[in-house]
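Listed next: structures, encoded as C-alpha cells.
One chain, chain A, appears in both complexes that follow, with chain B as partner in the first and chain C in the second.
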Partner chain A sequence: MAQLHAKQAKQDALAARLAGLDLPKGGWSAQARGAALARLSDMGLPGKRDEYWRYTDPAALNAVAPQPSDALRAETPIFTGKDKVRIVFVDGVFDAAASDPLDLAQVEITLLSQADAQDVHWAKPLYGTLEAVGQTPVPRPFAALNTAAAQEGLLIRVTGKAPRPLHISYRQTSNTSDVMLHHCVKVEDGAALTLLETGIAGARSNVVMEVQIAANGTLHHIRPQGRAHGKHLLTHIFARLAQNALFKSFTLSMNGRLTRNEAVIEFTGHDATAHIAGSAVGDGNFHHDDTVFVTHDAERCESRQVFKKVLKNGAVGVFQGKILVKQGAQKTDGYQISQALMLDDDSQFLAKPELEIYADDVICSHGSTSGAIDENALFYLQSRGVPKRAAQSLLVLAFLAEAIAEIDDEALAEDVRARMEDWLARHEGK
Partner chain B sequence: MTQLDIEVRDGVDRETVETVNAMAGKYKYGWETEIEMDFAPKGVNEDIVRLISGKNGEPEWMLEWRLAAFARWKEMEEPDWAMVSYPKIDYQDIYYYASPKSMEGKPKSLDEVDPKLLATYEKLGIPLREQMILAGIEGAEGAPADGRKVAVDAVFDSVSLGTTFQAELLRAGVIFCSISEALREHPELVRKYIGSVVPQTDNYFATLNSAVFSDGSFVYIPPGTRCPMELSTYFRINAENTGQFERTLIICDKGAYVSYLEGCTAPKRDTNQLHAAVVEIVIMEDAEVKYSTVQNWYPGDENGVGGIYNFVTKRADCRGDRAKVMWTQVETGSAITWKYPSCILRGDDSQGEFYSIAIANNAQQADTGTKMIHLGKRTKSRIVSKGISAGRAQNTYRGLVTMHPKALDSRNYTQCDSLLIGSNCGAHTVPYIEVKNNSSRVEHEATTSKVDDDQLFYCRSRGMDEEEAVALVVNGFCKEVLQSLPMEFAMEAQALVAISLEGSVG
Partner chain C sequence: MLEIKNLHVKLEEEDKVILKGVDLSIAPGTVHAIMGPNGSGKSTLSYVLSGKGGYVVTDGSATLEGVELLEMEPEARAAAGLFLAFQYPVEIPGVGNMTFLRTAVNAQRKARGEEELSAGAFLKVIREKAKALQIDAEMLKRPVNVGFSGGEKKRNEILQMAMLEPKMCILDETDSGLDVDAMKLVSEGVNALRGAGRSFLVITHYQRLLDHIKPDFVHIMADGRIIKTGGPELALEVEENGYADIVAEAV
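Showing the complex of A and B:
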C-alpha cells in the first residue's frame, strides 16, 4: 500500500512538472527525447523516501517553478589569464555577442538547437545514450527529464589535441530562470581537450553532460560553480571511457541552497583512468550533495574519487559514492575518500560510501572522516606567531589541497586555490 | 562435494582455501533427532498467536501485546533493501509452534527431560548436567578443563528444555530462565522491559517475532553483581518446516556485568527454514554486557539447496552513563543472514563495540553489520568487520554510524575488511555515516591493505619486510577478535575461522 502511494505521488509530481514545460520536438534528437520521456514516465520524479534521495530533499527540483534566487551579484570572472575559447550562455540561452567565435582547432562545436535541424549529425548516437545506460541500477529521473526537455546545449567533438581550453561560461540575469542544458562531448582516438565550465546557469539549473572518450583520448574538466547563495543546481556527468582513456573532472562549489552533482562513470576499455574530485565550501543555508557511481567493466582501470567539504553555520554536506567492480574487471584500482571539516557544531555531514565488488584481484578502498579543525595543529601555528584566523584558513586550505591536486594544469589549479582563499577571507569568523 | 574448484590468485594462503573447503564439505551438526513432536497447525493467524500464548501460560497483557504486533505485521511489507535474494517466503506454510511431545508435562527439572533430548545436546557438545563441566566443544583437541562453569538455556524448536545452574545463579541474585518461565515468575520485569529496545513494530521480522515468539531466554543481573558464570543459550532447530522465533531479553542493572553466549545449529534439509529472532539488551549505569554469537545454522548444500533463513534483530540500549556493550559475532552458517546487532549509546560516556567475522561460502548470502546510534556525550564506538567470501557467495557489510547533535565529543572508528576467494563471489560494503556535530570524530575505512602504521613501522624496524609485517599485524588482530570470545566459543570459532587473512594484504 505504502509503496503504491509513493509511486503514485512520483507520477503525479512528474505529470505536474511536464505540464509546466514546453517540450521541444527535436530533429534527429526526437527519437532520443521520446525514449527519455518513456523512461521517465516509468520512473516518475524522485520522492523523499527514495534511497537515492535519502539525504537530499528533491522537492525544490520537483517543483513546477523554481524558487526565486536572491538578488543577483556579478560573479568575479575566473581563469582570466588563460587563452581560451569562451562560449557564453545567459540564463541558458546562447549569447553570440558575448561569446568568442566557435572556432577552435581540432574541435567541432555546434549548438544543439542548430544541429538538431540537420539530417545527420555525429551526436545523434550519443545524445541520451549514456544517460539511458546510467539509469541502471539507480534511476536518475532528472537526467531523463533533461534529455527529453533540454532546449540547448553544446555538441563538442574533439578530433585532435586542442591547442586551447574551451570555456563554457554561464551567466544568470534573472532570479527566476529555470535552465536545462544538455551537452555532448565526444573525444576521438588520441584527442585531448581541457573543458572549463564556470558560473551559474540559472536560478534553477539542470545540466547534463554526456562524455564519450575513445581509446587514448583525454578530457580535463574543471568546473567552478559560482558563488551565489540562492541557486538550486543539479548536474549529471555521464562518462564512458575506452581503452587507455583519461578523464579528470574537478568541481568547486561555493554556497548555494541546493547543489547536487552526480557523476556516472563507466569503464568499458582496459587501462583507463578516471578521477572525479570536488571541493565544496558552504556557510549557512547550504546543502551540497556529491553523488558518484563508478562502474568498472574492464581490466586494470583506475578510479579515484576525492571529495572534501568545509561546512559552517548549519551547512549540510552529502556524499554518496559507489564503486562497482563487475566480474572479470581484474586488477581494478578503486579509491574513494570523502572528508568533511566542520567549523562549528551546527553543520552536518552525511555519507554513504559504497563498494560492490565481484572480482577478486582488485584493490578497492574507501575512507570517510569528519571532524573539527585539529586543535593541536591550530595551537602549533599560533605558537609560531600565525594569527588564529590565518592559521584556520591555512589548515582549511591544506584540507582542501588533496582535491585541488587533482587539477593537472598548475595555472588553473592556482586560480581555483585563489578562489578558495577569497571565499575563506569573506567568510572568516562569521 | 569435497573439493571446491576455484582459482586462487597469488597471495591467498593455500591453507585458507583448504579450510574453506573443509567447511563447505562438512556440516557437523546436520543430523536429526527422531522424536515425537507436537505441532500447532501450519500457518499464522490470531488463533496461533493465542495458542502460543496459551501454551506458555502467559498473562493477558502479553497476549494483547502479541495480537497488536500481529495486527501491525499484516499491514507491513517484507523489506527488500538487503543484498540478498531468495524465493518469496510463504508465511502460511510454516509451523509456528513445534514442541517435543515429552515436554507437554512441563518437566520440573532437567532430570525429568526426555533422555533423547538431552542426548541431542550432548552430541552437540553442550552439557546440560550441572556435574558436567564444559570441557570444550567436540572436536577441539586439548581443551583445558579449567573448571569454568557455564549456565545453559537449551531451546529446542519452540520450547526451552531447561536451564542449568539456576539455583546457584539465584544465590547471586541472577535470574536466568526461559522467557516463558519469566513471564510466569517475573511478569513485572518482563512487562517493564520487553519491547522497550526493539519495539513490537520495529521491522517486519521483529514484528512477526513479537506476535509468535514461542520461547527464548531471560536474564536479569541485579545492581552491582558480577554474574558468577557465563550464561549461554543454545538454539537447535530440529523439526521440519518449522520456523524458530525466539526472544531474548537481558537486563543488566547498575554496575552489573554479564557475558552471554549464543550458539545455534540445525539439521541438513532440502527445504529452507525460517529463523526470526529478537534480542533486547538493557544496560544501566556502569553496567557491562558482552554478547557473543557463533552462528552455525545449516548453510544449505553447495548448490544452495536448503539452509536456514536467518532474519534477526538484535539491539542493546545503553541507558545509563558509562554503560558498555560488546557484540562479537562469528557468522558462518545460514543460507541467508540478515542481521545488524546495534547499540543505542544513550548514556553519557557509554561505549559500544562490534566485532564480526562473517564467512560466506557456496551459495550463502550474508548481509550483516551494525548500527551505532550516538546520543549521549563522549560516547565511543568501534566497529571491526571481517568479511570472507568464497564459492558463489555474497557477503555485505551494512552499517550505520550516527552522531546526534547532542552527542558532543564522541568518537567512532570503523574498519571493514573483505577477502574474496575465487572469482565468482562478491564482497560489498554499504556504510551510512551521519554526523551532526563537529566535536565528534568519525573515521571509516574499508580497505584490504591499511593496517596500523605504528605497528607496521615497529615490525619493519625489527627487520620484517612489509608483507610479513602486514600479515603479522592482520593475523594478530584477527586473533584478538577471536580471543574476545569466551573460551568455550573461541574453540569452536577458531576451528571455523582457522582462516588466515594473509591473502587480504595488498
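Showing the complex of A and C:
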C-alpha cells in the first residue's frame, strides 16, 4: 500500500512538473524525446525514499518552479589566458553577440535548436541514446526529463585534433531562470578536444552531456561550476568509450545550495581510460553530491574516480561511487577515492563507495575518508614561521591537489588552483 | 640569548607534570647539550619552547633576547629567531618542499618587515645550501618529507635551518635514525651555521653526536629538572657510567 502511494506521489509530481514545461516537439529529436517521456512516465520523479536519493533531497529539483537564487554577482572569468573558441549561453539561451563564431578547425559545432530542423544529422543516433542506456540499473529521471524537454544545447563533432579548446560559458542574469541544456559530443577515431565548461547556467539548471568517444579518441573536460551560492544544479555526463579512448573530466565546485554531478561511464572497447575527478569546497548552507557509475565491459580498461571535498560551517558532502566490472572485463584497473576534509565539527560527509565485480583477474580499490586538518602538519608549518591561517590554506590546497592533478594541461590546472586559493582566502578563519 | 627560568609544564589532557622547574641560560654563540634518560622531559622542553599545543605552562618563563616566548604563536616565535629541528619531521603530502621553504622564508621576512625574496634569488640560495647537504633537485621538488628516508628527513631539517637562519636552534635528537655518514653530513651542516652569535641547544641520548658538534656546556636532565651541568667531559662520563650515579647523586 505504502509503495503504491509512493508511486502515485511520484507520478503526481511528474504530472505537475511536466504541466509547467513547454515541451519542444522536435524535428529529428522528436522520436528520442518521445521515448524519454515514456521512460520518465514509467519512473516518475525521484523521492527521498529512493535509495539513489537517500542523501540528497530532490524536492528543489522536483518543484515546478525553481527557488529564486540570491542576488547575482558577476563571476570572475577563468581560463582567460587560453586561446579558445567561446560559446556563451545566458540563462540557457545562446548569445550570438557574446560568442565567438562557431568555427574551430576539426570540429563541427551546431546548436541543437538549429540542427533539429535539418533532415539528416549526425547527432540523431546519439541524442538520448546514452542517456537511455544509463537508466539501467539505476533510474535517472531528471536526465530523461532533460532529453524530453531541453530546448537548447550544443552538438559537437570532433573529426581531428582540435587546435584550440572549445569553451562553453554559462551566464546567469535572472535569479529565477530554469535551464535545461542537452549537449552531445562525438569524438571520431583518433580525434581530440579539450572542452571547457564554466559558470552557472541558471538559478536552477539541469545539464546533460552525452559523450561518445571512438577508438583512439580523446576528450579532456574541465568544468569550474561558478561561485554563486544560490544555485540548484544537476548535471549528468553519459560517456561511452571505444578501444584506446581517453576521457578525463574534472569538476570544480565552490558553494551552491544544491549541486549533484552524476557521471555514468561505460567502457565498450579494450584499453580505454576514464578519469573522473572533482574538488568541491563548501561553507555553510552547501550540499554537494558526486554520483558516479562506471561500467567495465571490455578488457584492460582503467578507471579512476578522485573526489575531494572541503566542508565547513555545516556544509554537507555526498559521494556515491560505483565500479561495475562485468564478466569478461579482465585486467580491469579500477580506482576510487573519496575524501572529505572537515574544517569544523558541524559539517557532514556521506559516502557510499561500491564495487561489483564479475571478472576474476582485475585490480580494483576504493577508499573513503573524512577527517580534520592534521594538527602535526599545521604545527610543523607554523614552527617554520607560516601563519596559522596561511598554513591551513596550504594544507587544504594540498588535500585538493590529488584531484587537481587529474588536469593534464598545466596552465588550466594552475587557473583552477588559483581559483581555489582565492576561495580559501575569502573564507579563511570564518 | 635564551633564558629559561623555573619552567613548570603539565599536560593539557591529563594532570601530569612533565617539567618541574627548568632553569637554563644560553649565551649568544654558545652550544649547549641536554642529555638524560627517557621520559625526563627533554622533548617536552623543545615543544614548549616552540609553541606546540597540548601543554600548559603553570609557572616560570622563557625569553628570547629578552622577549617572552611562551605567550607567542609558534609562527611568531619562528619569526623572532627560534628554530626546532624535529625528532620526527612531519610528512606533508601535496605540498612541495620548495614551495614550503619559500613560503616559510618569505613569511618570516614579512613578519620582520623585510622584503620578500624573489623566486630567482630564493632558487640561487637554496641550490647552494642544498648542495652542501647533498640534497638533490629531485628531493626539493618532492612533497615535504614524503617518502624521504630517515637521513633525508634530518638533512631536510638542517636545510630548513640554513635557509631560515635562526638565532636560536634547538635540535631534538637529530642523531636518531642516522648512520655514521649521515650523522657526519648533518653535523657538518650544523657546524657551518655556528658562529655569528647563533646559539644551539642540542638534545641527544648519545655522546657520539657531540664528537661532531662540540658543545660548550652539557646538562643532564632527569624527572623534569636539570640536575647537573658541566663541560663536554660530562657527556663522556654519561657514556661510560650511564645516568644512574648522576641521578642518585642529585637526589
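Observations
One rule holds for everything that comes next: the second predicted complex is superposed on the first by the 430 of 430 C-alpha atoms of A that agree within 3 Å, B and C clash if a C-alpha of one lies under 4 Å from a C-alpha of the other, contacts with A are read in each partner's own complex, and residues count from 1 in each chain.
Note that a residue touches a chain if its C-beta (ideal position, glycine included) is under 8 Å from a C-beta of that chain, and two chains touch if they have at least 3 such contacts.
Given the structure is predicted, the values throughout are model-derived calculations rather than measurements.
Aligning the two structures on chain A places chain B and chain C next to each other without any clash. Between chain B and chain C, B contacts the larger number of chain A residues.
When the two structures are aligned on the shared chain, A:390 is found in touch with chain C, with no touch to chain B.
Contacts of A:381 after superposition on the shared chain: chain C is touched, whereas chain B is not.
Legend: residue contacts after superposition of the two complexes on their common chain; A:356 is shown touching chain B, with no touch to chain C. Of the two partner chains, chain C is the only one that A:398 touches; chain B does not reach it. Closest approach of chain B to chain C, taken over C-alpha atoms in the A-based superposition, is 12 Å. Put simply, chain A uses no single residue to touch chain B in one complex and chain C in the other.
Interface of chain A with chain C (complex): residues 374-377, 379-388, 390-391, 394-395, 397-402.
Those residues of chain A that touch chain B in the complex are listed here as 1-3, 51, 327-328, 330, 340, 342-361, 363-372. If you check the complex, the residues on chain C that touch chain A are 50-53, 73-75, 77-79, 83-84, 86, 89-95, 100, 103-105, 107-108, 111, 143, 160, 164.
Remark: chain B residues 9, 75, 77, 81, 405, 408, 418, 420-450, 506 touch chain A in the complex.
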